[in-house]
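The structures considered in this document are given below.
Below, chain A partners chain B and then partners chain C, in two separate complexes.
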Partner chain A sequence: MSFHASSVGATRYVGERTPRKEDGRLLTGRGQFTDDVQLPGMMHVAYVRSPVARGRIVSIGLDVAREMPGVQAIYTQADLAAIPVQMMSFFFTPIESPVTLLADGRVACVGDPVCMVIAESRAQAEDAAALVELEIEEETALVTIADARTGPLVHPDRDDNVAAEMGDADMLEEVIQPLLDKAPHVVTHTIRHQRIAQSPMECRACVASPEGSGEMTVWVGCQSPHLAARYVALVLGLPQESIRVIAKDVGGGFGLKNIPWREEVAVVVAARLFGRPLKWIEDRYEALTASSHAREQEVTLTIGLDEEGRLLAAWSDYACNNGAWPMGEDANIAVHMFMWPAHKLPAYGFVTRGWYTNTMGLGGYRGPWAMESLIRETTLDKAARKLGIDPVELRRRNLLYLPEQPVTSSMGIEVTDITPGECLEKLVAHVDIAAFRKEQAEARKEGRYLGMGIATYIEPTGSAGAMQPMTGETVHLRIEPTGKVVAMLSTHSQGHGTATTMAQVIADRLGVAYEDIAVFEGDSAIGAFGPGAAGSRQGVIAGGATWRATELLAEKVKAVAAHLSNASVEAVTIAEGMVHVEGAPEMSRSLKELAEIAYGDPARLPEGMASGLEAQFRYQPPPMTMTSAAHCCVVEVDAETGFVKILRWISAEDCGTVINPGVVEGQIAGGLAQAIGQVLLEEMPYDARGNPLAATFKDYLMPTMFDVPDFEYLHANTPSQTIGGMRGVGEGGCIIGPPTLVNAIADALAPFGEIEELTLPLTPARILDVIEQRDVSGRQAQPEKVAAAPVAAPLAPVPEVAEPAPAAPTGSVDGDWDMTLKAPMGGQTFLAHFDTDGAALSGYLSAPEGRQEFSGGMIDNGRMKFEVKVDKPMKITLKYDIQLDGDTITGKCRMGMFGTAKVTAVRPS
Partner chain B sequence: MKPAPFDYVRPASIAEACAILSEAGGGATVIAGGQTLMPLLNLRMSQPFILVDINGIAELKGVSRAGGATRIGPATRQAEALRDATLARQLPALVTALGHVGHYQTRNRGTVGGSIALGEPAAEMPATAVALGAEIEIASVRGRRSVKAEEFYLGPYMTVLEPDELVTGITYPDWPEGHVVLFREVAQRPGDFALVGMVGALALEGGSIARAGIAWFGMGPVPVRARQAEAALLGTGLGDIDADAVAALAVADTAPFDDHHASAEYRRTVGKRIFARTLREALDIRSVA
Partner chain C sequence: MSEHRIDITVNGRRHTATVEARASLGEFLREGLGYTGTHLACEHGVCGACTVRVDGVAVRSCLMLAVQADGCEITTVEGLAAPDGTLHRVQQALQDNFGLQCGFCTPGVAITLAAVLDDDPAATAQDMEAAMSGHVCRCTGYQGIRRAIRQLAGEAV
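And now, the complex of A and B:
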């Protein structure tokens, strides 16, 4: 590995369990969180929220509340509308069902913010908020996905309750079903994943301070100050420089804090209107019931296998409950993109939909696509039991090992260096499975039910350059005249310890003491744009940027030293903050001495060299860097009570170069704790009227230290192709954890039967359902019960291209059209130009990003078929199949792994 | 999440506290450890005009012996009660149950009387008081009265306590030395309120059950005394006890409910099992000893 070979110091820092720079202040209560910000003249905000899930606001009575002590103002949407705001998704695309900061005439979920009370203290703001008289004409709420399929419209301006949809329903009949029909074994599995309340330790928080003429400093609990500043500036239509975002310490993000959402942006807008600093600190009740929720999915996967257990084809039908105001409408295409690239699966198809309901909107949550691993790994185990094949052996027959790569998946994902199989082998070598099976058999004779679960996964990390706002990272680095090192980064830690890991890289690559490095981050005025902690990327990209910037700085130091000592650059080494010249110990100087010359006596530098000791590097890594892992978990299920005890958990992960094993293991452990919560404990249920039922931590059961075992870690690391060789590790535990634990429980329950449909969380009552093969949990009584079909017929299919009626008058398609493609990350609009020559069709698609010519298309009675190859965001071929009908064109476009999107076009106005 | 405005008083005697409660006419709430009340205040689910802090009333604290019974002052911290030598000797069932009340940290602040007076149906202390036959002493400006624990609870968080009344003591009758402790609960996480739990005591004489007091928690709107099971056990020789049959009788007295953590059917099913398992284990230990 490259980091061993070094011309710099002998002291290694990369790979060490270096104590974290952040821990001193965090452990002694000296962290600087948003609520620690106190400004002169600052007022406090409390929101009045809708107690009704769906309805029309008849009146908002503010007279009594306005008279309360300390109240300065009460704003409704009518007031905030003075400053126009266009909210955007995490992908910086417009929210399709335009969400206002406060409710605009209607409420669409319990917790919808309706008024904003500004008072001298938070207590006074709450006193007044309690006296706002809301009259809402309540309408029947849509709570479940089943409600959304059949009920009235959540958003009256929409055609239906489908928030987003992708996939190709035709592919089932045309491609997949024939393969399944021929398969010797077909296994179907259904999972209902509960709704999760993200529950970071620190709830959301925002302080907005208007300054000067239109500038503003915003302290906000976020995952990247740069991204938050860019987001706020864009949604308000301001220059980004006018917004400075500071977030020194943040207690957990998980995706909830990817972008500032309604309440935070409302604070910014209100501060501009009110002209004084405003603070909003979300309380735990709001956090549980009114912060963007996560998950709530229903998915059915069917796989066909041959006699030996080799995969032949797979089809899945996925639905997720987006709630009323998601942070971007989402059909979770990533579930399908990443379900199978690590497997030898010839054919995969899917339909995937997100549905609006009158529940709190969904946001991203650590491994937002994690369902791909949960449904795949649990279905594979079900197949292993059905076929009587060992689960490890079944995976061996289907996984792509390193010698078989590179391979491009059926959905167009190219894998070049994934190692789930290698991780599995390392895991299996460490865990004595045969001994466990013997112990398991003995225990069963005593009425004790042990189970072992194994799962593998891959994860796309360090995304850059393929989609907004995922970019590279810039590092500014300098040796101060004092000889100390300062790094300015756009990284952000909500517990990640980026100041620690980046300082380790600098210390390692430069040859200075870790203690002599100061890392500045957490402020949009520091560094350059980077999206911070999102998509397991900081170690990969900022780590690579820091790695290279440090090497550039070391090169400059060596050049200066070589010049001053009249030696060759190759003869210079840096160690422990000292610069040495080989064979001339008397020429050793400290970095401080060199820096004093570089800054204060630049005439002594080589001719043409800039003064100072500084370096800057912006790293653009490969578009995606894959992380792999295999996990094993051992449980005991108490057959009398249905309780699960986790006895052992082993992780074998490949995250490439490990900068700090403690930080890596902390990331895995945190993700696994969330996984345990999701499988066994956590749930945000709603009643039929749309009331969230877990309003405190008495009812929302977070895993505690009693529920989370000590984990064992095997680091099975192969360096990636990035500078430094890191792979992202932020989300993995939360992705591979659930299937590992579910598989262990299913293995323990195998003597009793299968978990026919997995409903999470696996409460003790639901486990007794399996053990006793009867309805202990009362699931039959639940109204949201939906009949599981192996392959559910799509209820709201992608509109079919109408078979051309023979007499249908169709005009000419030649010339320009305004075409809209409903892509998974928002609609794309571009100009389409068609030229026909008999049945031949050619033309181009043109947008600000460029023009794509195409030829070789066909047109027959208005039905047009043509293909366009694109390179971004991935190399895919877009296959258009559209129909002209008078002045409009409708149809669809197959977009490889992105599934199928609706296409519409009209003549330019 | 800030409480609505309230006045705060810290009386020094029971009489003073009762006078304040009387004057407040229902607008006052007593605070001792605050482990339930503080969250309720912050959620504004409780909005008293006056908070009456009884932590300054010395006579409400401590454990004492009186006339064949043990008395616990209601403001005694749960952690102190757990360490108390008299309780360890006289009321081992209570001490066992106390170890399951909340968490280590909350027991440092939470009081025995607070848990008794709150009336959470899935909590350990009310069921223990019912099982052991405790009496709740109550004072007000109108006088003093004593209520059997079994008659103290009316429904979830509802007791016979009038707004002007204060719990001044909990008196547990003595159980014979060497009596058998029954305790088991099923909770999703340590420290949670139980999905289902049972607590009790059995006194033996000449190889048969001479006295039995057993109650459920989490099995109905109030702590539920297992009367039929007690009756079946009384006078029965140890060798003749059919633990499963007794457990079935015990469940017959309950009225559990569905919530999103567990169904009533789960509570009945598992309740019966833990009852039988606890009874069997307790009596096995006894017969070996």
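And now, the complex of A and C:
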């Protein structure tokens, strides 16, 4: 990190609250959002959606609708099937329970799209859609996770309703329970997190315009035009260059718009079939009830602590509702990966599952694994109250501070430079906790209930190289002969201000005025591939790419200037667009003059130097860059009404180099507002028949200005190991916000008792339940609050991942097998080859990506145990324990931090 | 669907057009006249993104029919800045204070604040915050909007 010791750019831009480049067009109504696009001959799409959660489509009556004015076509799945589509997850793996663009014979949730109407206006399309006659034979819907565990199959072709599962149930008995049994203190906490509708202000939108021979321009509300183009090309089996995606302005994404989903892809397919531009603009009713949802999850965490409050062991059982058509089946392994790397916890085990139900599918939402912080931090506070230890002190005893790093967690995550403890100390130094406790005690005497909540967290940001879509970033810079600097980036802003922050880096590192830099992004035809906004990554990776590309360009400028002036490169400086030579003021030139020479008179350049003033750099950062934070909030709970008022909120976060504090604080604040919504207001409930019940913003309560306090910020700024030293900050507020607020409320309610089971949102009614000593979960109250021993629920109910059967095997394992590993990011199929020599087992696993040999395995009565070391996505040892039974092999594979996956194998057909 | 002829002045420019009776003012401004700065975000009158001024009054253009605006003078976000491009002080305050991120709700926020200040140049921060009760922003956590309001009220930001 050397950005303070700079030889260029006398004017500092990095670290300044530079006004945003995006604002000019957005403040004057001259942005370009998808619905602003009008094309000649464009038709409008409206979807006919299932009003039934589960059932068989008996008939689709289109006759009346087809006769409506303006109607040009009505497509069902049978029509769209003319163009084959294989929908994929965000990780570019096939959706396991294959989802069609429109319902194919059955419906599996309310809102399932069944037909698309194409008409001359949106109103006409909606009129006709309302007249399509759907006859559906309704079946009993599975709505909750509990329904999924016991009910019939959501997808008839599946074995069970488990969409995804990881973890090792045996570990509870073998490892964790003995440690918990010996622990002086055991604390258990359960959280039921409600379903969230991500609710960006701009609903989903897509315009697809077929052009030429098989090419298409697509305007779509997305989080990266590059990723959207790659996704559409992949699912349609087309070259990516044939799909140009433009997304100049997008009104918020928050994970919902990570990938184009059924409706957007259907518009692309239908536009190819219909041969004209088509536009679909989702309305708010559809956005709330039929866009992918997020969060609905249930988790129980049990921790064992010693007498001093030091963690000894932990076990958790996690379940999330995947709905019918998740954007990739998900057991949320990241919850477990990131629950404890910042803590000194000797042993952690878990089971984690995603369940299919007849509800809208699971999509991304800011910090999808945020439950790790919510369950951990609320459980730690519960433990602090139980043990009578100050919550700050309890955290001090368990957090890993910088001098104790690097450390590899029990889940295999290496932490080298995390600072949650340091952030906590910074926070505690700023907030007078003792004074608050005094004020709190005084207030209680008056019947006023104040509470203070503290939480710490770490967040993996800037991920690259471990998952297919998460790549590096390319930046292409050019000093034009006009003297202006042009940057072409693969970044994308749905409010992130990437044009601003990247221009600040360029201005700072090159020595040009911010106003003289033009940034182009938001178009898959500009810049090389990058996945845009997903995983708090753009500031880290695009920031690093821009940083280095600018330095490369500055080096070239200096080399040219030095050559022209017969000076040494060290004597050249660039400031405010002027190139100066030390001791020779008469040799000063503008960048424009240098550019004119570099492009137009290249004979004057140093011998062998390429003409022009351009630089390109693609940055591949470390696989993960950690951000840390500690937050504190103060609330007052009205014991009469159950209303919570947030009085104060302080963020002490460490996101490394801050390019623009206004942008960084904006990201934190936005995440915190969403966190406040999750804890107090927002909920997408379903009735027992599977009807989503929040259809408008009058039912789905978005936080308003009056729900969000002024936030205070303490920036810690420990530079990361990336170029530029940035750490990601996009999701943090939404991860650390919920536990901070819940802890404050629980602290305020402490005189009334413990929130034994937390059900979100904490509505006034639920808070009154605590105050009036009713069970907040709505279940039977437990008179004696004794931490119950955790119970590892069986993995899938049907069929069980059986302990390898002792039945005598038949045949030999030698030779080739087609093996499938049900991994967290989708199933992986590869060739397995076994060679036996008595009880010794060796062989190899082979996939297009490579081949891994193994030896030293054992086989006994058909039961095979062997280990394979892999480097990707991380260095882990895969421990196989599988059983031959006739023509099949079944069993499991322990995959380090990725938990345990089911393994099946058959002989090649 | 019956169609009606209306005369309407938008940002000082006169337009004559034929509209369906059911078309909302917001739809008509966007699709009929090309004032796409007005954004429709909920279309049921809760979020405030589509707010425009109709004869000076801040109105949700998703809840008013275009035919009701016959003969009216409309100001949309495109009409806030001066003809030479100088931002309206509300727009400037929002920019100064990072009062917007994605910018989708911003046109309505800017129009409402401009209407409050035009009606009462001495409007307090409290007056302006009260007017914000009808606006939803998903990005900013309202921090920058609140700072902009303080700046507009002449208070310390």
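Throughout what follows, the second predicted complex is superposed on the first by the 878 of 909 C-alpha atoms of A that agree within 3 Å, B and C clash if a C-alpha of one lies under 4 Å from a C-alpha of the other, contacts with A are read in each partner's own complex, and residues count from 1 in each chain.
Here is the rule we go by: contacts are C-beta pairs under 8 Å (C-beta built on N, C-alpha and C of every residue); 3 or more make two chains touch, one makes a residue touch a chain.
The shown structure was predicted, so the numbers you read here are calculated from the model rather than taken from an experiment.
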Is A:704 in contact with chain B, with chain C, with both, or with neither (first, second, both, neither)? both
Answer with first, second, both or neither: which of chain B and chain C does A:130 touch in the superposed model? first
Between chain C and chain B, which one touches more residues of chain A when both complexes sit on the common chain A? C
Who does A:643 touch here: chain B (first), chain C (second), both, or neither? first
Could you say whether A:696 touches chain B, chain C, both of them, or neither, answering first, second, both or neither? both
For A:20, select first, second, both or neither according to whether it touches chain B, chain C, the two together, or no partner. second
First (chain B), second (chain C), both or neither touched by A:284: both
Just chain B (first), just chain C (second), both, or neither: which does A:674 touch? second
Does chain B (first) or chain C (second) touch A:666, or do both, or does neither? second
Residue overlap on chain A between the chain B interface and the chain C interface 123, 283-284, 696, 698, 703-704, 706
Applying the document's contact rule, which stretches of chain C touch chain A when the two form their complex? 1, 20, 22-23, 30-31, 35-44, 46-47, 49, 76-78, 80-81, 87, 91, 94-96, 98, 100-107, 110, 129, 132-133, 135-146
Contacting residues of chain A [partner chain C, same complex]: 17, 19-20, 22-23, 25-31, 33, 35-36, 38, 123, 199-203, 249-252, 254, 283-284, 493-497, 662-663, 665-666, 669-674, 696-698, 702-706, 708, 710-711, 733
Over in the complex, which chain A residues touch chain B? Could you list them? 121-123, 126-127, 130, 283-286, 640-643, 680-681, 683, 685, 693-696, 698-699, 701, 703-704, 706-707, 763-765, 768, 772, 775-778, 781
If we count contacts the way the header does, which residues on chain B are in touch with chain A in the complex? 1-5, 39, 42-44, 186, 188-193, 195, 258, 260-266, 269-270, 273-274, 277
